[in-house]
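There are structures below to look over.
What follows is chain A paired twice: with chain B in the first complex and chain C in the second.
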Partner chain A sequence: MSKKLLEIRNLTMKFGGVVALSEVNLHVSEGEIAALIGPNGAGKTTVFNVATGYYTPTAGEILLDNESVVGVKTYKIARKGLARTFQNVRLFGDMTALENVMTGADSKNKVGLLGSMFGTSTSKKDEERSHKKAAELLNFMGISHRAGQLAKNLPYGDQRRLEIARALALEPKVLLLDEPAAGFNPQEKVELGNLIKKIRDAGFAVLLIEHDMSLVMKISDRVSVLDFGQKIAEGTPSEVQKDQKVIDAYLGVADHAS
Partner chain B sequence: MSTPSSTNVRFNLRDKFGDWWEGTTRNQRVLFRAAVIVFFFILPFLDNPILGTNESDFSSVLFYPMGMFVIMAIGLNIIVGKSGILDLGYVAFFAIGAYTHAILNLNFGFPFWINVFLGMGFAMLAGLMLGLPALRLRGDYLAIITLGFGEIIRILAINFNFTGGAAGLAGIAAPPTLFGIEFVVDDPKPFYWLLLTLMLLVIWAYLRLVARRPGRAWEAIREDEDVAEFMGVATMKYKLWGFVLGGAVGGAVGAVYAGQVTSITPENFTLQISIMILACVVFGGMGNIWGVALGAALLGYFPEKLRFLSDTRILFFGLLMVVMMNIRPDGIIPRKKREKVYDKNTGQEVTR
Partner chain C sequence: MDFSILWTDFASLLLDGIVVGAIYALVSLGYTLVYGVLRLINFAHSEIFMLGTFATLGVTMLLGFTGFEEPLGILAFLGVFLLAATVAGVASGSAAMLLEVVAYRRLRRNNANRLSSLISAIGASLFLVEFFRIITDSKDWDFPRLLDKNSLFQVGTAYVTADKIVVLVGAFALMIILDRIIQTTKLGRGIRAVSQDERTSILMGVDVDRVIAFTFLIGGVLAGVGSAFYMLFYEATKFNVGFLLGISAFTAAVLGGIGNIRGALAGSFVLGLIQQFSSAVLGYNWRDVVTFIILVLVLLFKPTGLFGEALQRARV
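Our next item is the complex of A and B:
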């Protein structure tokens, strides 16, 4: 059995009286694409927000590469290897595509503010590293021709790609993708599926939230289903598709599932 | 969505300058920079009826308000324009610098040159002490706190004995003679040159910072603080640095101001200055240092130039701001970067 890179144990998240997540167990193993599905409001994005330290969980354990990250600051968790994208694209709009990715790559650098001001050799090395890394990733995502353009001026599809590139710049152990195919046409969804597989093959474990079932079923190795903050099923795509609880909760009648 | 710049055929002075600048050699750039610097150093001698201010001494105007506004606006631009922290109490740093020089000079005889650095240091310390709790808040809440900070410093100065109370402090030493240049009250030129030197240092540091990691971190925070944090940016650290560095500039300018006017009262440090400097930043183009500098220079210059209109000049000044903000809501030189367009197939930059 391969190593669990991200492990969420008995996670409970309450907002006042509202229980957003209750006793959820999830994990992402090395070299896999895990998917998290569920109806709207099931708590999928909350899982991301808790795992990345944006919310502190009410109870439960979050292990990133066997190290607990509960209570650790968000930017530190990001540097330890948990990067994410957002349901609604959230780029640094007034920065160029290259700068967006460099900002992510910077988190692996050592140089501080004074070092940058005086132009120490570390700062020069780090600048070069960030620049090279960012250029590579733009190329990997197929948007190197957008490098010098402002993020807010890019076409929607390229913005989605840029967001993934920026997350990859953190060299994460696990990449969290929040509905990456939202707003894509079927052709673009196929391309995105291939891209996500390419990302996995490049050595990143992926946890994917997605509403498009055909995409989830095609690319994920394992699917977990959330409903009303509880995990109701887990297994391979075909197992989950047959699960009666899942069908009741989410997929509805069987002919909607395909 | 704005239109891509490649289809934008409107004449754009900045792009023209950018194109020209990119085509220059290293030597040409050095020459250009030197020429600009020399121009500003001899500016006080170029007093003539067209350029100069006829009703008030031109070199005086160049020091205050123009020079002061420009350098403070550049300092505030680090806070407001780059990091996106709305600071309505910038005058506090200015006051701390001025009072540092006044108090240390009058009580302990510290010379000006030491006090400039101490003024910077105390302003930074104040920025740190305010920033640590306050920068946890955002937007309106933070703005209100900084507004309060500006007022608190002024009110403290009125109520303490060692600050001279409402009467302020007088007889503050001017800077000692340096390289044969005497700093005397009736000649503002040396003070203007001092300010200009300080400005060059600030611009040098600023340009280096914004082109590298800290600049990206600040911009990311301004664009979306949460996302910056998710992308591994230590947002609190960079916000604090921005706040403290902006404060350092204000502190240094304050000490220079105290050295020039030789007497200060709390009334020199009212909210109006904070608002004026913020107006300079917005008017010039938030986040663009050249725009901010130009905006501050113009906002310092016009009221003096229009002095022949006596009190109605404020009316014209207001009108000018209303018109300008309608024509160019992002400021005179907005921060929008020059975009480079790359060819999809070759990856080569496309020349327009």
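Our next item is the complex of A and C:
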């Protein structure tokens, strides 16, 4: 069995009296695309927020490559290898596409913030590294031609691709994608699916939150289903699709099966 | 009121306006940079500048200048002035960083509301002013004349003197260096990222605490070096020198659109020129009245600053 890069054990998250997540177990293994699905408000994005350190869990453990990251500062978790995108695109709008990706790449550089001000050989080398890395990733995501444009002026689809490129610049062990297909037409969804597979094949494990079931079923290696903060099913796409609990909670409800 | 002076003295008013504007620019950058990353008007920034003037003066006193010696030759001057400006930059820069740790960081960590930080800023400002009032005996302190201020050459009615050249060359060099740092370094990208979306930058691995600390450092260093230029040009300081200069620099930042670096630079030169030309007509005593009127008018009618949308792209 391949190595678990992200492992979430008995995760509980309460906000005041509201239980957002209850005893959730999840993992993402090396080389796989895992999907997290569930009706709106099931707690999917909360999983991302807790895993990345934005919230401290009420109880439970989060292991990134076998190392606990509970209580570790958010920016350090990002540097250790957990990068994410957002349901609503959150780029640095007044920076160019290239600079957005470089900002992610900078985190992996040796030179400190202060050191970067002085033209030492380390800082020059690092600047080149960030630049090269960012250019490669824009190319990988098929948006090289946008490099010099301000992020806010990019078409919506390219903004989503840019966000993924920026997250990849952190060289994450696990990439968390929060509804990457939101707002895409069927053709764009197919392209996105291929892109996510390409990302996995390039060596990044992916955890995907997505509402588009055909996309999830087509590209995921494993699917976990959340409902009211609890995991109600897990398995291959075909297993999950047949699960009665899942059908009751989620797939059976016409509103959600987009 | 004699408006003809605007034409007869045009060149000299223009030159002085640009020189004064260059000094404002170095101070206004500190307001605008800190506002960018924290959405906070650092009211103690004017005192960071004041501290720099005394650091500059302190260096010349330690070197034994009393104010009665002959002006220095160009090389000796550059040596002394470079040392004084460096010390002032380091002193103001460290003070600004310390200020951030003492007066703002804890409030920020506890998610205190903006008003608390603003009150803390005013408190820190008062503390520094009063502290310097005591240790400097509330006196006016003169800065020795390091450089011959006789006109080197004349352009129209403008007498070009060595100190003005030093201020202009030095200030423009610093502006270019700052622009390079903001545009082409990891720290610059960090500052811009935090200015645009702090929460997202954290998730992209940016160490926001350090970015903020170094933003204060850069703002402080610029104010410190700016204070050395100020001393060279005005040749005097006092514990309350920061107040009016700070208001001018702040007005310049607001005029250009606070948070916008290039706006702050443009606002500084515009304000410097307005002050010079209006003082020529109304009298020098009216300078700060004009400044405050501009501040109020901008806040009332164009709170995004003169360059509003167009320059927003260049926003930090």
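Just so we're on the same page, the second predicted complex is superposed on the first by the 250 of 258 C-alpha atoms of A that agree within 3 Å, B and C clash if a C-alpha of one lies under 4 Å from a C-alpha of the other, contacts with A are read in each partner's own complex, and residues count from 1 in each chain.
In this section, contacts are C-beta pairs under 8 Å (C-beta built on N, C-alpha and C of every residue); 3 or more make two chains touch, one makes a residue touch a chain.
Everything quoted here is computed from the prediction, not taken from an experiment.
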Partner chain(s) touched by A:202 [first = chain B, second = chain C, both, neither]: neither
First, second, both or neither for A:144, with chain B first and chain C second: first
Chain C versus chain B, contacts on chain A by residue: B
Contacts of A:96 with chain B and chain C, given as first, second, both or neither: first
Touching partner for A:18 - first (chain B), second (chain C), both, neither: neither
Common interface residues of chain A - those touching chain B in one complex and chain C in the other: 52, 54, 74-75, 78-79, 83-84, 86, 90-95, 99, 102-104, 106-109, 111, 113, 116-117, 123, 126-127, 130, 150, 166-167, 170
Touching residues (chain side chain B, partner chain A) in the complex: 1-2, 4-5, 205, 208-209, 212-214, 216-217, 219-220, 222-224, 226-235, 238, 241, 287, 335-337, 339-344, 347, 349
Touching residues on chain A, where the partner in the complex is chain B: 52, 54, 73-75, 78-79, 83-84, 86, 90-96, 99, 102-104, 106-109, 111, 113, 116-119, 123, 126-127, 130, 144-150, 152-153, 166-167, 170
Contact footprint of chain C on chain A as seen in their complex: 52, 54, 74-75, 78-79, 83-84, 86, 90-95, 99, 102-104, 106-109, 111-114, 116-117, 123, 126-127, 130, 150, 166-167, 170
In the complex with chain A, residue positions of chain C that touch it: 181, 184-190, 192-193, 196-197, 199-208, 210-211, 214, 217, 312-313, 315
